[in-house]
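Shared chain: chain A. Partners: chain B in the first complex, chain C in the second.
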Partner chain A sequence: MNTESRKRALRMFFDKLVGPMGFKFTPDAELADFLLEQEVTLETRHGVPFCPCQPIRHDRSRDMKIVCPCIPFHRRHFDAMKRCWCGLFVHQDVTDPDSLPQVPAKELGLE
Partner chain B sequence: MSDTFVKAVKTDEVAAGGMKSVELNGRELVICNCGGSFYAIDRRCGHMNAPLERGTLEGTILTCAMHCAQFDVTTGEALAGPVPLFLGNEPPPPRIDAFLRNADMLMKQIRTESIHTYKAKVESGWVLVAL
Partner chain C sequence: MKVSMYTLSTCPWCRKTKKFFTEHHIAFDFTDYDLADERTQERIMAELDANWASGFPYVRIGDQVVEGYRPDRFAELLGIGSGAT
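Right after this comes the complex of A and B.
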């Protein structure tokens, strides 16, 4: 299986999913490409495209909440940051993704 | 593969986003309609030979109904292997659990191969395939 083809396929699937959730792919094309590549690696290893920036705990009920795009499981947190945890997706109105810091949910008072 | 085109199906027999299996000169094929563009692929999944027309077509990506292996119908390239086995939160009865785990262990040895594609074109309301 070819990584580039799989990245294109994931991009197509994710694009359809995140739009209705109010998100889009980050305008930082290099970052998006890098993160998608990590997801393809994780998918090859685990069979599922996990978020590349969150730990796999081998506890299915928790791990399923970090399958990309994991926005529905962390909606309040991601909406507060205007980005998802790894930064692959940002709110549709975001043009400068570098201005959006990664803030733990605890620090935002969401846990 | 020759460039002898053979009539496969009428274009109105396959709705957009749909698939139909056909047998042409002893070969099993699936005709895929990707938003008005037609593609012809081998009918059998590159993972475990399941009939691919029973799967789903999203854009140009076909997902097999059996274990969710995915293929690009434009190139036949395998894009993903089967999804991992999940036995549920409650463990199944021991004999079933042992059977499923054994099947899973065997399935892990199976590679997902790309599938063969055929040239296809539309002429006079027919999808023609080069065999």
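Right after this comes the complex of A and C.
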């Protein structure tokens, strides 16, 4: 499977998963495309589509928490930001993703 | 003021962070965590863990640390206008 077809497959798969969690793909199409491409690269390299913006620690229990979509493992943090850390997904009511900064969980009083 | 950062080659926010400092003509050092050797990765993770940080970009400006792409915070610490979105 080439990169473009794998990106389409991941998009279809993720779309079904994140909707019931109250999220959707970012309306920033260019960002979504770039992030999906990075995930395909990471999947090719490591076997799973890790988040492109969080570190792989080579510790299975921790690394499983950054497999996309990693929303369930960071639910309070991402709900507070209305986006996931990399920004591939945003809350369903978000129309301007640029207005949502990355804010560490500790600054939100969540850790 | 010394600026250094840990980044990921796959992270668009890390790229935006580098672009921010480049466009403001502020020299910085960076290490792409995912392209670093195992020993360097362990050292970086130890530093992030010590600061309760978990995501990239991870930026040190002087003795302050900023986690994430935060142009307003970068500008505040540098004493400049952000000029970025």
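Convention: the second predicted complex is superposed on the first by the 111 of 111 C-alpha atoms of A that agree within 3 Å, B and C clash if a C-alpha of one lies under 4 Å from a C-alpha of the other, contacts with A are read in each partner's own complex, and residues count from 1 in each chain.
In the analysis below, a contact is a pair of C-beta atoms (placed from the backbone, for glycine too) under 8 Å apart; a residue touches a chain by one contact, two chains touch by 3 or more.
Note that the structure is predicted; figures quoted are calculated from it, not measured.
Enquirer: When the two structures are overlaid on chain A, which partner does A:G87 contact: first (chain B), second (chain C), both, or neither?
Expert: second
Enquirer: Please work out whether A:F23 is in contact with chain B alone, chain C alone, both, or neither, and reply first, second, both or neither.
Expert: Once the two structures are laid over each other on A, A:F23 reaches no partner at all.
Enquirer: Could you figure out whether chain B or chain C reaches more residues of chain A?
Expert: Comparing chain B with chain C, the partner touching more chain A residues is C.
Enquirer: Figure out whether A:F78 sits in contact with chain B (first) or chain C (second), or with both, or with neither.
Expert: Touch status of A:F78: no partner.
Enquirer: May I ask you to decide whether A:E43 touches chain B, chain C, both, or neither, giving the answer as first, second, both or neither?
Expert: After superposition on chain A, A:E43 lies in contact with chain B alone.
Enquirer: Looking at A:L35, would you say it contacts chain B, chain C, both, or neither? Reply first, second, both or neither.
Expert: Second partner only, chain C.
Enquirer: Looking at the overlay, what does A:A9 touch: chain B (first), chain C (second), both, or neither?
Expert: first
Enquirer: After the superposition on A, what does A:R60 contact: first (chain B), second (chain C), both or neither?
Expert: A:R60: touches chain B, not chain C.
Enquirer: Is A:V103 in contact with chain B, with chain C, with both, or with neither (first, second, both, neither)?
Expert: It touches chain C, and chain B stays clear.
Enquirer: Is there a shared patch on chain A that both chain B and chain C touch, and which residues make it up?
Expert: None.
Enquirer: Within their complex, state which residues of chain A touch chain C.
Expert: It is residues 31, 34-35, 38, 41-42, 52-58, 85-87, 98, 101-106, 111 of chain A that touch chain C.
Enquirer: So in the complex, the part of chain A that touches chain B is made up of which residues?
Expert: 1-2, 5-6, 9, 12-13, 16, 43, 46-48, 60-61
Enquirer: Under the touch definition given earlier, write down the residues of chain B that touch chain A in their complex.
Expert: So the residues of chain B in touch with chain A come to 58-59, 61, 70, 72, 75, 77-84, 86, 89, 112.
Enquirer: Going by the contact rule set out above, which residues of chain C touch chain A in the complex?
Expert: Chain C reaches chain A through residues 8, 10-14, 33-34, 41, 44-45, 48, 52-56, 67-70, 72, 85.
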